[in-house]
Amino acid sequence: MQLHMSSWPEIDAYLKTSKAIIIPIGSTEQHGPIGLLGTDALCPEIIARRAGDEAGFLVGPTFNVGQSQHHMGFAGTITLRPSTMIAAMTDWANSLRRHGFERLYWLNGHGGNVATISAAITSMYHDTTFGEAGANTPPLRCMSRNWWELAGVHELCRQLFPVGEGSHATPSEISITRYAFPDVEKRADISPKIAPVGPIFDADDFRRRYPDGRIGSDPTQASPEAGEKLVTKAVRALINEFQAFAAA
Amino acid sequence: MQLHMSSWPEIDAYLKTSKAIIIPIGSTEQHGPIGLLGTDALCPEIIARRAGDEAGFLVGPTFNVGQSQHHMGFAGTITLRPSTMIAAMTDWANSLRRHGFERLYWLNGHGGNVATISAAITSMYHDTTFGEAGANTPPLRCMSRNWWELAGVHELCRQLFPVGEGSHATPSEISITRYAFPDVEKRADISPKIAPVGPIFDADDFRRRYPDGRIGSDPTQASPEAGEKLVTKAVRALINEFQAFAAA
Amino acid sequence: MQLHMSSWPEIDAYLKTSKAIIIPIGSTEQHGPIGLLGTDALCPEIIARRAGDEAGFLVGPTFNVGQSQHHMGFAGTITLRPSTMIAAMTDWANSLRRHGFERLYWLNGHGGNVATISAAITSMYHDTTFGEAGANTPPLRCMSRNWWELAGVHELCRQLFPVGEGSHATPSEISITRYAFPDVEKRADISPKIAPVGPIFDADDFRRRYPDGRIGSDPTQASPEAGEKLVTKAVRALINEFQAFAAA
Amino acid sequence: MQLHMSSWPEIDAYLKTSKAIIIPIGSTEQHGPIGLLGTDALCPEIIARRAGDEAGFLVGPTFNVGQSQHHMGFAGTITLRPSTMIAAMTDWANSLRRHGFERLYWLNGHGGNVATISAAITSMYHDTTFGEAGANTPPLRCMSRNWWELAGVHELCRQLFPVGEGSHATPSEISITRYAFPDVEKRADISPKIAPVGPIFDADDFRRRYPDGRIGSDPTQASPEAGEKLVTKAVRALINEFQAFAAA
Amino acid sequence: MQLHMSSWPEIDAYLKTSKAIIIPIGSTEQHGPIGLLGTDALCPEIIARRAGDEAGFLVGPTFNVGQSQHHMGFAGTITLRPSTMIAAMTDWANSLRRHGFERLYWLNGHGGNVATISAAITSMYHDTTFGEAGANTPPLRCMSRNWWELAGVHELCRQLFPVGEGSHATPSEISITRYAFPDVEKRADISPKIAPVGPIFDADDFRRRYPDGRIGSDPTQASPEAGEKLVTKAVRALINEFQAFAAA
Amino acid sequence: MQLHMSSWPEIDAYLKTSKAIIIPIGSTEQHGPIGLLGTDALCPEIIARRAGDEAGFLVGPTFNVGQSQHHMGFAGTITLRPSTMIAAMTDWANSLRRHGFERLYWLNGHGGNVATISAAITSMYHDTTFGEAGANTPPLRCMSRNWWELAGVHELCRQLFPVGEGSHATPSEISITRYAFPDVEKRADISPKIAPVGPIFDADDFRRRYPDGRIGSDPTQASPEAGEKLVTKAVRALINEFQAFAAA
């Protein structure tokens, strides 16, 4: 069940049975020579919607642009200032709270978002403590989860891609988009086969260290089949975790 | 061509041929008893992506939550504060400018967004004048267009639905989502057949005036066939208008 | 009755009879070779004060600097960032609400302000919905009206100046300031007689397109006599409209 | 010479002879039973315009709403948050700097504004140091002066009103508005003749301490004649001080 | 009693006896060739802690970076934008209010902070009036005092240093840090013996006028002995003033 | 070498040898019945200053209030909104950058700060990419390290306190303050001996779950001797890590 594909009476009815919602959150940023700019928003969206359909959960619209300043050296990347992201996420949360939602589960697809999501959740709780979320607003609980940290998923990534998984433009994440969009396949000469690894500072430094945008990965290993396995594993874990969160 | 479905080298290549991009922008808000909460984001997204595919334009990710405070009396609506929306749109624009984009065409699906989009564009130009868009940033031109104002579309709406088009939860917009998602059809007893009309103030007042969320409309007239006609008309007009804008 | 020319007991007494106030809002921006920089603040101030005197309405202080980034290429123009204008208008509104005002009628003199005024009103309603306007604050209704859209005024402009009214530094608005300040008359060689027309983007682009600041107008037609007719017409329409708004 | 009563070519010409401008700044707040809500904006406006006319200085539009939270217990008072006032004053300053102004003299009419004006000036200098005022922006100097601190004025106030000058709703400031607007005279029973004195905290506390809004004053002593003397004295001192500031 | 050296049950117990707290506030900025960058935070910290220990008052953590843009031409200076300082001080105050504190006494060590501290206090009161400090928050009273304005201190400064006290990097303030940290003594050739005096504008201008950072002072006169006298005098005055403030 | 205990010429000299600085950052929040409210600011301050003294590094002033909304149910806790903390940290960083610092090492003492520190660093890099850090500003590298994650420290904590280390108000952190301030020792009846564990949501929820403020810890095990071992270990690791960071 997707919020943006529902009518308001359907959400009204849902709220009589559950106060919990999953919100996919990602980014729009370069993912190397053959990865999609939308990879980090698409992966949690694909997983959350599948889980929502299977288990009857409500899935919110996707928060599709995030913290990507370090990728700004590559065309197509869009980034929010951290303060903007906190403001926008808080507006989403305060809106949902007015309708009675009390459990927001943010399914994240971008490591670079983790800190700002956490800061935004602190901001939401701050609004509870200081009364800025509005009078008579129910208490809120949030959790944030990266899809690759769902139970069993990280292990599966390592098993599928023991070499060249890396940390950006990984074969795992690209497999998921290849699975969801089998017609979309990018080709490029990739060299070196496995990208360098290192730290992340600002955008210029990033481009110098990682000339084609990959970090430690060999995304040519990606396949729709691997993507299907990852999605299946992630969906199952998400359903379990979300049910426990919603019931707590 | 969709930005989030492209790789960064593809955007690099695109920028050698064009500095222009279309960004669908809408909202997540109630659309009456049978309309989708995502209607206003989906309509421009559907039209823009179709046009982009046909004519080779680049279509950005969809800005999917907007100015919907007046719909906050209905479950599922999500709204941004105007200052948040201006900050987020400006961040999107400043990111795109860093890559060399000089023409941003915002295809809008929500009347309530019009003012804040315009204020955000003023803010972007302010950044040009006062140098806050960054050194060496090319000048920017934006335009904002509601899809129903594209050449010939308003006339077609009136022709298809001479009675009961109304201004919110209209049969025209719902036809477009019915056309794009033929399997998604909501049913409800709707009464009165044509909703009341009137002004818009705050959320409580809105709910009192428009108890099921519609304004002046009879959305039961919506059909996939009408949606197809509207999309076809809008796509053609959008291609013409965007080409002229990109070339100016 | 002007707020800034009243004592607080007089406002206390007024609030026992009416919860409505008119606030003139304009800008400080170039108005071509012979127009005053204050034209857009002066016109609504002149009309509102006259109406207030005739009909006993309360007129607030004039919000005299607005959205004028596109005129920044001409000396003397002062502009607010949209976010500043929203913050300031919201502060004015929240102050007035604390005293019991429930109807704010913004009489606007500058087309470039329209969007940001509307965004600011959305922000005020947002504060109502989310409780940020303060506890026990009465609901608020705002309306925004450009003086040239008051009933019959636009028609009178066209009748007085069938050729060369244009859209910036118009003979109509300059006639109003000439009528109110008969001793103030600027002279300049104006060429071409009727200024070019076109779109508005940023300040540099504006200056290139409209070298002396006018858009489509021939302000040399302006006269105190025409100004008097316009003010008389506008005042009558404003009284009618404001009475209806205050009573709704 | 008043900016809002000038054309842009006149400002262009002025900038060839001077980079300095006076900006009257005040507030809209209760001034006791017989004082005008606009007193603190009107006094510096009256003095600055007279000085500008006599000596050929440029006088900007009046910043007419300021820091008046402590007067919010009295109807008609309008106040800005300090952060809003800083943002707005900085926008004014940055606009003027773009045109080449390098000396901003803020003539203030409200003691409660002093701190925030000073903070705003710090903010403007911060923009110089950190480059946020824009590239190629000339260095800026500001000064802020309360009209009653102009040379000789305070002494004259004490001489005119040796008893009951007080510190809010003073006979001196009310004399100035009585002089400028001889037809505007409020009457009320005032008791006690001289208002109490004490500290200022929040609005509720203020209303309890100063039930009719006055602090330490007996404004019934105000007269147009005293106002004329004060304005004459202040204008002369302002001309001297501003000339020195502009030339430094 | 220092807040940061206490446990929460100790603060709970304190609040049963007093609702008042002293918060030292200063800056981190150059203090000439031999003054410490932390001088303005250290002086109020030293005085407040001594007073707190003697009289059993609670002393909060030190707000140690303030308004120092004009010193940015000298290495080591750190400055906040005024809007940041207002936001941070308001967060401190709103936190303390939640626990029941009703009297905040800011003991300040930096003249450049005075205006922004006052603006921040206005902001705190604004939050009271407009309900943004949270529901059920007790009313707040703040006072701000520069340590050199405590009763008798200014006189003692003049007596100790009749020549060369100056206004920045003064022998008085440096004496206090010399007294508190007898092992810390900087040496430098200082010329001229007494620094020039003049106005303060932006950072570049400041560095030109005051090449070694001093204004009007001869800090070589500083001594631990003078520091002891100043601290003793200030502590006694602070205890008296704070007791009166806490009891009011 | 401590910045606030240095003169500006000393910082000038330091910058000729190093562009790197350590900034201790913590919080002011309850630490259970016997822990100090300042624990999380004191621990990194103690370690950083010791390391700075030993190895000649520069240590900045301590950022002493952080992200502590979840502790707001306990008296004495002070918290910043995330957006305030980002603004303040960015102001500190931009100030230091103006002087030529290029490496900021934030030594953190509070787990709850981690996300917002990271978001603030993203914000600083954003300012680099978008030019808002000022023209001619050198590129910046930041790192953030929790003191308990310095090489070998976590292992030592576990070795010293195999049972009851917990995650808040831990014997390790309290040992450090006991070592640094041997005269400060709080006593309280603590029950249960080991506090409960669980998740963290808002302040009310926290107080219900953790009635005396501890999470999973038995702080009665703390001792000055353990503190000395921890500080010694941490200092050594910090010197190594900072030297590598400064040299990179």
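To keep things simple, chains are lettered A, B, C, D, E and F as they appear, and every chain counts its residues starting from 1.
Here is the rule we use: contacts are C-beta pairs under 8 Å (C-beta built on N, C-alpha and C of every residue); 3 or more make two chains touch, one makes a residue touch a chain.
Computed from a predicted model, the values in this text were never measured in an experiment.
K.L.:
Considering only chains that satisfy the touch condition with chain C, which of them also satisfy it with chain F?
P.N.:
Chains that touch both chain C and chain F, as defined above, are A, B, D, E.
K.L.:
What rotation angle superposes the Cα atoms of chain A onto chain C, in degrees to the nearest 5?
P.N.:
The C-alpha superposition of chain A onto chain C needs 120 degrees.
K.L.:
Work out the mean Cα position per chain and let me know which chain is farthest from chain A.
P.N.:
Relative to chain A, the chain whose C-alpha centre sits farthest away is D.
K.L.:
Tell me whether chain B and chain F, two copies of the same sequence, contact each other through the same residue numbers or different ones, using over half shared as the line for same.
P.N.:
The interface of chain B with chain F is built from mostly unshared positions.
K.L.:
Just the number, please: Cα centre separation of chain E and chain F in whole Å.
P.N.:
24
K.L.:
With chain centres defined as C-alpha means, what is the inter-centre distance between chain D and chain F in Å?
P.N.:
Measuring from centre to centre gives 46 Å for this pair.
K.L.:
Provide the C-alpha centroid distance between chain A and chain D, rounded to the nearest whole angstrom.
P.N.:
Chain A and chain D have C-alpha centres separated by 53 Å.
K.L.:
Hunt down the residues of chain A that sit against at least two other chains at once, touch-wise.
P.N.:
Touching at least two other chains: 72, 79, 81, 83, 87, 98, 129, 132, 135.
K.L.:
What is the complete set of touching chain pairs?
P.N.:
A-B, A-C, A-E, A-F, B-C, B-D, B-F, C-D, C-E, D-E, D-F, E-F
K.L.:
Where on chain E is chain A touching in the complex?
P.N.:
94, 98, 132-135
K.L.:
Give the list of chain A residues in touch with chain B in this complex.
P.N.:
Residues 2-12, 15, 28, 30-38, 41-42, 60-62, 64-65, 72, 74-81, 83-84, 87-88, 91-92, 95-96, 98-100, 181, 184, 186, 188, 213 of chain A touch chain B in their complex.
K.L.:
Could you list, by residue number, the parts of chain B that touch chain C in their complex?
P.N.:
Against chain C, the touching part of chain B is residues 67, 69-70, 72, 79, 81-83, 86-87, 112, 114-120, 122-123, 125-126, 128-129, 139-142, 201-205.
K.L.:
Quick check: in the complex, which residue numbers of chain E touch chain C?
P.N.:
Residues 129-132, 135 of chain E touch chain C in their complex.
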